[in-house]
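Dropping the structures in below, format is structure tokens.
Each of the next two complexes has chain A plus one more chain, namely chain B in the first and chain C in the second.
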Partner chain A sequence: MEKKNKRSFRERVIGALLQFFILLFTIGTVYPVLWVFKIAFGSQKGLSLSLSLFPAQPTLENFNHILFEKPFFIWLLNSLIVAAATSVIGIFLAATAGYAFSRFRFPGRTAGLLSFLITQMFPGTLMMIPLYLIVNWLGLLDNLAGLVLVYSTSAIPFSIWMLKGYFDTIPKELEESALIDGASRTLIFYKIILPLAKPALAVTALFSFMTAWNEYILAATFMNRELSYTLPVALRNFVGQFAQDWGLFAAGAILVSIPIVALFFILQKYLVSGLTAGSVKG
Partner chain B sequence: MTGMRKNAAVPIALLAALCTVLAGFLVLDRAFKLDRQLEVSRTRAHLWLRPLALAVESGAGGPEQIAALAGAVRRADPRIGELQVLTGTSFLYHSDPLKLGAGVDPGDVADKSLYDSGVEIRYLLKSARRKPYLLDLDHKAGTLALSEPALKGRRKSMGTLRIGYGLEKVRGAMDGRIWVLFLALFLAFYFMKGKFFKWRWPLAAAFLLIALAAGSLLLLANEGRNQAQAGAAKRAHLAEVGAVLAREAPELLPVFAADLKGGSFSDMLSEWKTARFVPAGEMEDSASGGERVTMPGGDAIAVEADTAAQAERRRQSVRQLKVVLAVFGLLAGLLLFFIMAGYALRALRALNKHRYSYIMVFPAMVGMIALVLLPFLYGLSMAFFRVPPSQSGKWVFVGLQNFVKILTDFHPLTPENFYFILLVTLMWTLINVFLHVSIGLTLAIILNKPGFPLKRVYRVLLILPWAMPSYITALIWKGMFHKQFGAINAFIKLLGFEPISFFNNFWTAFFANVATNTWLGFPFMMVICLGALQSIPTDLYEAAQIDGAGKWQQFKSITMPLLKPALFPAIILGTIWTFNMFNVIYLVSNGEPNRSTEILITQAYRFAFEKFNWGYAAAYSILIFLILLTYGIYTNRITKATEGVFD
Partner chain C sequence: MAEVVLENVTKKFGDVTVVKGINLQIRDGEFMVLVGPSGCGKTTLLRLVAGLEELSEGKIIINGRVVNQVPPKDRDLAMVFQNYALYPHMNVYDNMAFALKMRKVPRAEIDSRVQEAARILGIEKLLERKPKQLSGGQRQRVALGRTIVRKPSVFLFDEPLSNLDAKLRGQMRAEISKLHFQLKTTSIYVTHDQVEAMTMGSKIAIVNEGVIQQSGTPMDIYDTPVNKFVAGFIGSPPMNFFAAVVQEENGQTFMQAEGFRLRLQGDLANKIKVEGLKETLFGIRPENLHDAEFFKKGDGFEVFSVQVEVVEPMGAETYVHAMAGKNRFVARVTPKTRARVGQAMQLAIETVKIHVFDKQTMNALRWEVQK
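Let's look at the complex of A and B:
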């Protein structure tokens, strides 16, 4: 009796310590985010030297400024168009390819899969110059289509791998019975496989969307007119070489992050299964 | 046995073809080098003769002084064999002391030939069909003999000068790099035995082509280097001549300089691909590869590399190369054609059989080839050129020069040194991945405890950094580390310490980068670990508990092995991401202080888009890629991370 009590006491202490640790860690993790809120709602242009998370004089000045005195909605539209187009094109191309890689054995399959993996190792700087020249040659500099083109191809390898991993987990028997019933390959793909793969498609689309929504370097290199900026480029310029307007940046950062964070949390339950589906198998 | 003998014909043919190719390259390379060195020797000989000719032409100083100058010239360069100055039928100077002051002896072969040269030059001057110089080459003895006139006006010869000059010995061509080609040859036949047996013919043919390509690249690179060396040798020699002149006949210096400027012999000089000489003031653009040679006690003479002539020479050598390549290429192509025809047939059949798969993969493949593979190859080729910043400029082939420059810079004090940055990058990657995995795993284990209160809330909050756009995170942290207004320094002040200016010291700046990236990266590892932990059946732990295993032993024997399949790919991926983590470095420390916290990828970016040294940046990026590729292959082999994925 005594012994059992003792152990549960020890466990309780450990539990409390763990709680405390996690709590501290979570505060540390969330603090920078809250700090951004403080600056966004604060009245100074710059930063403020205090640990407190509440601005001295809360105001919506920064939001007002960025929303109505800057072409924020044009930037938002640019970012939305680029990110949405990227994820749609990326998903369409990756779904068919991922399905083929998952279901069929054809010469060049292994080489193709491996080469997709290797492209992830290409340093961005090596690709940037040729991409710049290609986009320039196509006359798509300062044009959203150029960004979409570049983003969707860079998103494809990752998407193919993820979708292939998910397709692998769908039992083959479903297709076999459909085949026997006389369905065509194309019909099976659209009517059976795609509906079953919805969660994976969602996660993959989210990743493509996020990559495009968050990409900074290529956008900064390709887009030179203020009105063709995407949000990352526009935000960066608030605290870049020529300006130090942290309030404006913080307000913009909140506006940019909220939709993407919301999307992320809505889809996060698929995240783990999507990410580990391909790898846990082996 | 009979089968082996029958099959031996093809490898022997391939071997012979490869050896022929190699030998062809060796001969070509040697020829190029000889040609270039002959050009230098001719120029040197000419530049020694020219002041003497000028002295004769100007008539100042008299025969004694000309003889003294000639003597000084001969002493100045041990490679001068014979040296004669002939006016009319008597020698003003003769390297053979017995002939000094004597007349031409028609019985002496050397005298006779010099006299004949003078006659021929006079004839040439009258008819003006050719430039008035005569060159005799004696490859066996390794000498050249150059005869030139001393002119009065444009057409009248006052005398003939001749110089015998020793040619340099040309060393074995292609240096040690030829061994790379031999290695390729060896590999080609080595691979034929092992598991690549069925690919041996295409492989060997591919190696033949690679050897062709590599050989021609090396040849071009060598030619570029020879050219540069020749230019440098000529310029150095000009200074040498100037020094002798300044010592012996300073009054001739301005005449010499004026003559170099492009007087009577400028055509000849340019035909010889020597440097074009322009007085210092008149040079339009001294930055365009020009160089100044200051003659002791005399005028400064700017020497501009004669790019037009060099380009012509380059074109010529490329033309020669093209012919040779075309011949060998044709042979290799034929070979390849017969070998590949069978494969092509099989490939067509496969294409037809698997057409449904190929149609589905096709759109993605086209996109990948057009916008990933082609740019990659373009970037790859850029590393072997000097690429001008403007798009209209011409690429100059420099071979492996960019790589050599990067890899041979051992200067310890420049933070732009590749090895230093590599060290920083490795440190950065190791520390980050270690922190990501250990923090992620710890949090996952705690959050996976059954009945842990507020589990879901913590989980959501802890994933937040991953959900945020990374450029925003990086900029936030840059603000947090701000010296005067950052939250970190506010905290430090609260503890009673002096605020730190984080970006003035390597370690604090590095710390700031690591802190940012750790914050950014641990949620990914946490999510991966959580997912994997949840998939471990709990009855395993129960069974272990019954068997009396402690917590640590359970972790070691159950958790770790079952985490591995999910964790290793994540670690490999995380390592590659961190290695190329551009955003954090660029936006947080931006390389401060003094470019020391730069990692390879940001340094490559700087070379490309701040210094516009695109060839160099491409070479830098290729090194990064090679490092990552080696890492990928190595870890893949060890962990078998992708095993089973290809089934």
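Let's look at the complex of A and C:
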């Protein structure tokens, strides 16, 4: 009896501690985000040192300024074009390559897969100078196509691994059955494999889109004209060396995050089924 | 309608030869069952016929045409896979119509064929459903339906019933047999289940280690297995084997096994004498062992004593597991048996039904009369 009480007391203490830490981490995660909202809706240009989460004089001035007095929609369009093109090109190449890696045995298969893995081990900034030289040589500096090229190549290795892993879980009997039924390899890929791989395609597309959408360093290096900026570069310039407008920056940050959040919601059902895929027979 | 002929069919995966020079003829309209333990090469053989694997050597001839280089879709065959291989994102109708769409069959024709197949299989009400909304038996029916809409000249079945529970399996077994009776399409059916082989096949081929051990009608194979493997593989419970020494005494032939001694008569005794066998391996099926108490003794029967280990009443009959010396026997006896675990009982053995195997080659010794 005594022992049982003791144990439940200990369990309760552990439980309380756990709750405390969870609360702490939640505050730690949410507070900065709320703080960004405070700044965005506030009227100050600088950073206030107050811990309060409510702006002293709430205003939409920052949003008004960034939306209508800056070329925000051009930057948005730039970002959208770059991110969309990156995910479309990336998905197409990664899906076809991933399928080949999953289904065919060819010389260099293992080496190819490993080399994709190795490219993921180097930090992106390491590649900056060689990439700059290549893009410059191609004459694509200050051109969105240059960014698309660089982003898709850097997203593809991960995407190939991701999709190959998913294709591996699709029973090969489905394809054999289709082969006997009279379908060609190409048709099988588009009519059987791709529809079944929707969850993985959604996850991969989201990954590519986000990578391109959020990327700053390469975009800042390659894009020098204000009108060819993508959103991260444009935002960064609000808090540059000479002028510091944190209000604009925060308002911009909120606007930039909207499409990503929307995309997450749209793809949510695929993301969930992507995570549970393979757990159910048949 | 078609005839399938395999000539010296060989398949190697790297250094491993999985199918070793198989020759087999499947006549028009025949239901050929390839049966064998897992890993014996039977599925590979089926996949070779389907064109899903490339031949290493030999020829596959369908309807007089060598199809070695013909892609699967042009071999005019349809296949049912072990896991059904239904397209998960298509409904039942589209699953069944897929092959016809691929072949550019007119829409109206597709519809009538799918409806007809659905009617034959009793799945008309399921046409709008997705595979994941179907039970195992229903999926199996759709998989069958997908093959029959094609009206191919050959059906291939790769262990189609192994994912079903025992009751459903028995039911589907009968349905496939019925379907074959209606359609009379040449079929090759792969299974590891000897019951399926016995009950469904118009012919059986028993495969082991990439070689066909024996082929023929089910009853032929059951009655006259050519070697110990076939004898032990076909039949449930399996045949009992025991080693014994042949002895001659006063012109009579006896076999002395550990724990018991039997007098042999007639053709069997003669054959053993002619062959000059001394030490050899004998086999007897469980149904040829009877409870001596309830069995009229007479010519062709010998009685010996065993120690009962397990008694399994099945209702219509009772299986008795017993030991005689170091030899283990299973006997299918009358349910009236008074056998009790741990006690001795008398078994009557039908000596004319005894199978004799060469100890070295394990091949069966054939003799004339099997009453």
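In the analysis below, the second predicted complex is superposed on the first by the 237 of 282 C-alpha atoms of A that agree within 3 Å, B and C clash if a C-alpha of one lies under 4 Å from a C-alpha of the other, contacts with A are read in each partner's own complex, and residues count from 1 in each chain.
By our rule, a residue touches a chain if its C-beta (ideal position, glycine included) is under 8 Å from a C-beta of that chain, and two chains touch if they have at least 3 such contacts.
Because the structure is predicted, anything quoted here is derived from the model rather than measured.
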item	value
Which superposed partner A:F54 touches (first chain B, second chain C, both, neither)	neither
Larger contact residue set on chain A - chain B or chain C	B
First (chain B), second (chain C), both or neither touched by A:F9	neither
Contacts of A:L174 with chain B and chain C, given as first, second, both or neither	second
Contacts of A:F20 with chain B and chain C, given as first, second, both or neither	neither
Partner chain in contact with A:F73 - chain B first, chain C second, else both or neither	neither
Residues of chain A that lie at the interface with chain B and also at the interface with chain C	280, 282
List of chain A residues in touch with chain B within their complex	18-19, 21-22, 25-26, 29-33, 35-36, 39, 46-51, 92-94, 96-97, 99-101, 104, 106-107, 109-110, 112-113, 115-131, 133-134, 136, 149-150, 152-154, 156-157, 160, 165, 185, 210, 213-214, 216-217, 221, 232, 235-236, 239, 246, 249, 253, 256-257, 260-261, 264-265, 268, 271-273, 275-276, 278-282
Touch list for chain A against partner chain C, complex	171, 173-174, 176-183, 187, 192, 195-196, 280, 282
Chain C residues touching chain A - in the complex, by the definition given at the top	50-52, 71-73, 75, 77-79, 81-89, 98-99, 102-103, 131-132, 139, 146, 150
Touching residues (chain side chain B, partner chain A) in the complex	347, 350, 354, 356-358, 360-361, 363-365, 367-368, 370-372, 374-376, 378-380, 382, 391, 443, 446-447, 449, 452-453, 458, 460-473, 475-480, 482, 484-487, 489-491, 493-494, 519, 527-528, 530-532, 534-535, 565-566, 569-570, 573, 576, 580, 582-583, 586-587, 600-601, 604-605, 608-609, 614, 617-618, 620-622, 624-625, 628-629, 632, 640-646
